[in-house]
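Before we start, here is the structure in question, set down as structure tokens.
First chain written, first letter: the chains are A, B and C, and each begins at residue 1.
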Amino acid sequence: MARELVRVEELRKYFPVRGGVFHRVVGYVKAVDGVSFRIEEGTTFGLVGESGCGKTTLVRTILRLIEPTAGRVIFDGVDITALRAGELRRMRRHMQIVFQDPYTSLHPRMQVSEIVAEPLRIHFGVGGEEARGEVLRVLREVGLGEEHLDRYPHELSGGQRQRVAIARALILRPKFLVLDEPTSALDVSVQAKILRLLKELQSRYGLTYLFVSHNILVIEYMSDYVGVMYLGKLVEVAPKDELFKNPLHPYTMALLSAVPIPDPRARSRKRIILKGEVPSPLNPPSGCRFHPRCPWASEECRSYEPELVEVGGEHYVACHRWEEIPRVNTYMARR
Amino acid sequence: MSSPLLEVRDLIVHFYTREGVVKALDGVMLSVGRGEIVSLVGETGSGKTVTALSIMRLLDHNARIVRGEVLFEGRNLLQLSEEEMRRIRGREISMIFQEPKSALNPVLTVGFQLREALEAHGEEGEAALEKVLSMLRRVGLPDPERLVNRYPHELSGGMAQRVMIAMALLMRPKLLIADEPTSALDVTVQAQILELIQSLVREMNTSVLFITHDLGVAAEISDRIAVMYAGVVVEQGNVYDVFEEPLHPYTRGLLAAIPRPGRELMAIEGEVPSLLNPPSGCRFHPRCPAVMEVCKRVKPRLVEVEPGRLVACHLYGGE
Amino acid sequence: MEGARRTSIRGSLLMARLVLSSPTGFAGAVIVAGLLILSLIGPVLAPYDPYKQDMSERLMPPSWEHPFGTDQLGRDILSRVLYGCRISLSIALLVVAISATIGLLLGLVSGYFGGLVDEALMRVTDLFFAFPRLILAMAVAAALGPSIINTMLAIATVSWPVYARLVRACVLQVRNETYIEAARAIGAGHVRILFRHVLPMVVHVVLVQATLDLGSIILLAAGLSFIGLGAPPPTPEWGLMVSEGRLYIRSQWWVSTFPGLAIMISALGFNMLGDALRDAFDVRLGR
């Protein structure tokens, strides 16, 4: 088995909610509530979930851009949740992130050359002409060139901006790259280019990705392993092919069957249309958090929270009734 | 075939901006038959929304309709007075948007806004309220008697979109224009809303012009599909035909750019051109893998290659 | 880098064009430019020594010899107004430089770090905002005693909170932008983030406020001098001159009127320029 690069253990992030006259803490939004998984070196772990499921908070907490409430993150053998501020800053060169919106993640008053060179300046004190060669090298790597050096972000298209963001993340040659919905703000034809670029860079440099998306087709294309998140928890984790061929959690099934398929012949497939919407993480439902929307919920589901357990072949699921639920053909399995 | 409900003919729209004239629409041709769901598909800036707003005559002041006709039941909407147009909006053609919450007034209750929509067209009192309640029930909102007293911010995204759909269908319009109505929603909620729109319009025999950037959504919902690129409808046809055998190189590229299990992902070369200074001839020619000499000079017309199957490309003889 | 210079020049040119294209902006720019020139070469233009008294020539009405007339000590008012330009402008520029810098730094720290520092600083500024600026400045000036330096200290003491508040509000917005998070993600420290990433996004607010403030500081300085808490006689300070002439306002109107007009025109000029500058930034930053 490949070497483990990232291990997340029982990670939690609770945001206090204040209210009332005295501004007291009246409750907690449990954005991430006990998440554990591991990522092997050189692979992509895809994290999929709908808005408000906590995936964005989760990845920020993993990188400690947000301080975790509890739990540990082991990166390359180092517990980064225990690092002090200075040590953490030095550690950052090994783990980088590309954000969703390339329109807001690049400083509007900095030129491409400055943006991409900044990590070098911070970690090695190298800048200006000295950094130029390296900046150009990495820009070419992501499909940009010399003519983009002097541009400001607003002079670039969305796809070009995202390439700049990728270049900034790659210039320190990190081992681990978090991709937080990197193509969600882009059109499909641009998205295709960025996805292909990311795959190419991964195989060239043996990068390890944590790829977050709400788009299941994109997750399917990019990932080796997939984790499905619902309301702050992972409900199912499995190798990609296994998850798409044999989803066990009812939420995963519903999610896969709700994906609009660009093929009208797929309309006749059997679909699970869930009722209602994702409940508020401020007051998550008792027992299994999915039970109010689950067509198969039982008394047990209402009272006891299921654990994420391995059901064989690296396939984990958090559901009391996974063995009884009828399987669905998701149309997503590779044919 | 009888004449379609809506027919857009050779529509050219320009926007006058600080940077120059944006040639947003360049001869759009489009038709929607009675009871039909037609998807208008394209990427950002392709002109989908401008087309919709031109039909509704809701374009901004800096826009000019240079040429073209919008025939609705045979009448050219572009020649109606503002007063006549107001009677058509809401009653005969209504519209729903991507952000349902910004389309609702935050300081008025849901019920008030729905009844106001009816009153604008002369229906008032108990009968109006009854109509509102039954419509809310039909769009699948539980407990409509309480819902009418709530404010938009108390609704979730999916509920707000249901309210918008209820409002849009209250007057039983002949045409519903839906501008990316599910793009801001999660997939599980999107599936609910798509199913709702489909079943409601079939039941009420309403035609739909469904605008989306998502080919998957278009494949799920439509009878016919029209693909737009840089202000031009490049291909139009039955949804099965277009997805099975796309004719225009852009449609082919777009379909190949969607990640799908077990298929290679292909990208379209180059970037969407600026409409301040669009390419000559066929606007797709700089990115087209099958480009010919003629494409750089002559703009291809939208021609019918098979009954109901239209394409604007020189590969298919659009001289 | 050459490219950076090129684009920053292009940006400044655009700003200049935007400011000058509005009528008030153009008028403001002309007035401010005039004031700056006068404060440089005013003493050269002045026909007389502003301190030279001539009791035989006292309270003379405007004439070819004394275009603005003479005051109660027979001094040439035109010469005094021209000399006063340099004094008023130096006071205003120095005060603004000091208070804007203090306010900028405190606002940056307060907005960026938040928490207790922020809380404390904001309560202090609340204290300042509870009193009118002139009253506070009077109190400080009275405690320090009348002199030009003390006038500046007094005004600077009461002027920085506006900048601190403005900058803090702006930082609060910028702090949550993704590009700040991106800077943290590449390992940037607080100092770097504050000065390389946050600062460039707030300077324009300070610039606009400073321009608007120049006008009111000229007024404030004149006000202090008027009530005897500013520049001591015989300084040719505009406010002091207005004050000295107020005994004669019924019969010898020119003594107070010309320095008063100077105050009015300069305050107006800075205000108009400041407004136009704000509008221009709004356009340029796409709001």
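Note that contacts are C-beta pairs under 8 Å (C-beta built on N, C-alpha and C of every residue); 3 or more make two chains touch, one makes a residue touch a chain.
None of the values given here were measured: they were computed from a predicted structure.
The most centrally placed chain, judged by C-alpha centroids, is A.
Compared with subunit C, the chain whose C-alpha mean position is the greatest distance off is B. Taking each chain's centre as the mean of its C-alpha atoms, subunit A lies 32 Å from subunit B. Distance from the subunit B centre to the subunit C centre is 55 Å, each centre being the mean of its Cα atoms. Subunit A and subunit C have CA centres that are 51 Å apart. Residue ranges on subunit A touching subunit C, taken from their complex, read 60, 63, 65, 89-90, 92-93, 96-97, 99, 101, 104-109, 111, 113, 118-119, 122-123, 128, 149-150, 152, 165, 168-169, 172. Of all residues in subunit A, only 50-51, 157, 159, 187-193, 195-196, 214, 216-218, 220-222, 244, 254-255, 257-267, 271, 273-275, 277-278, 332-335 touch subunit B in the complex they form. On subunit B, the positions that touch subunit A within their shared complex are 43-44, 156-159, 186-192, 194-195, 213-220, 239-240, 243, 253-262, 265-268, 271-272.
Within the complex, the subunit C residues that touch subunit A are 1, 3-4, 6-7, 177-179, 181-189, 192, 197, 200-201.
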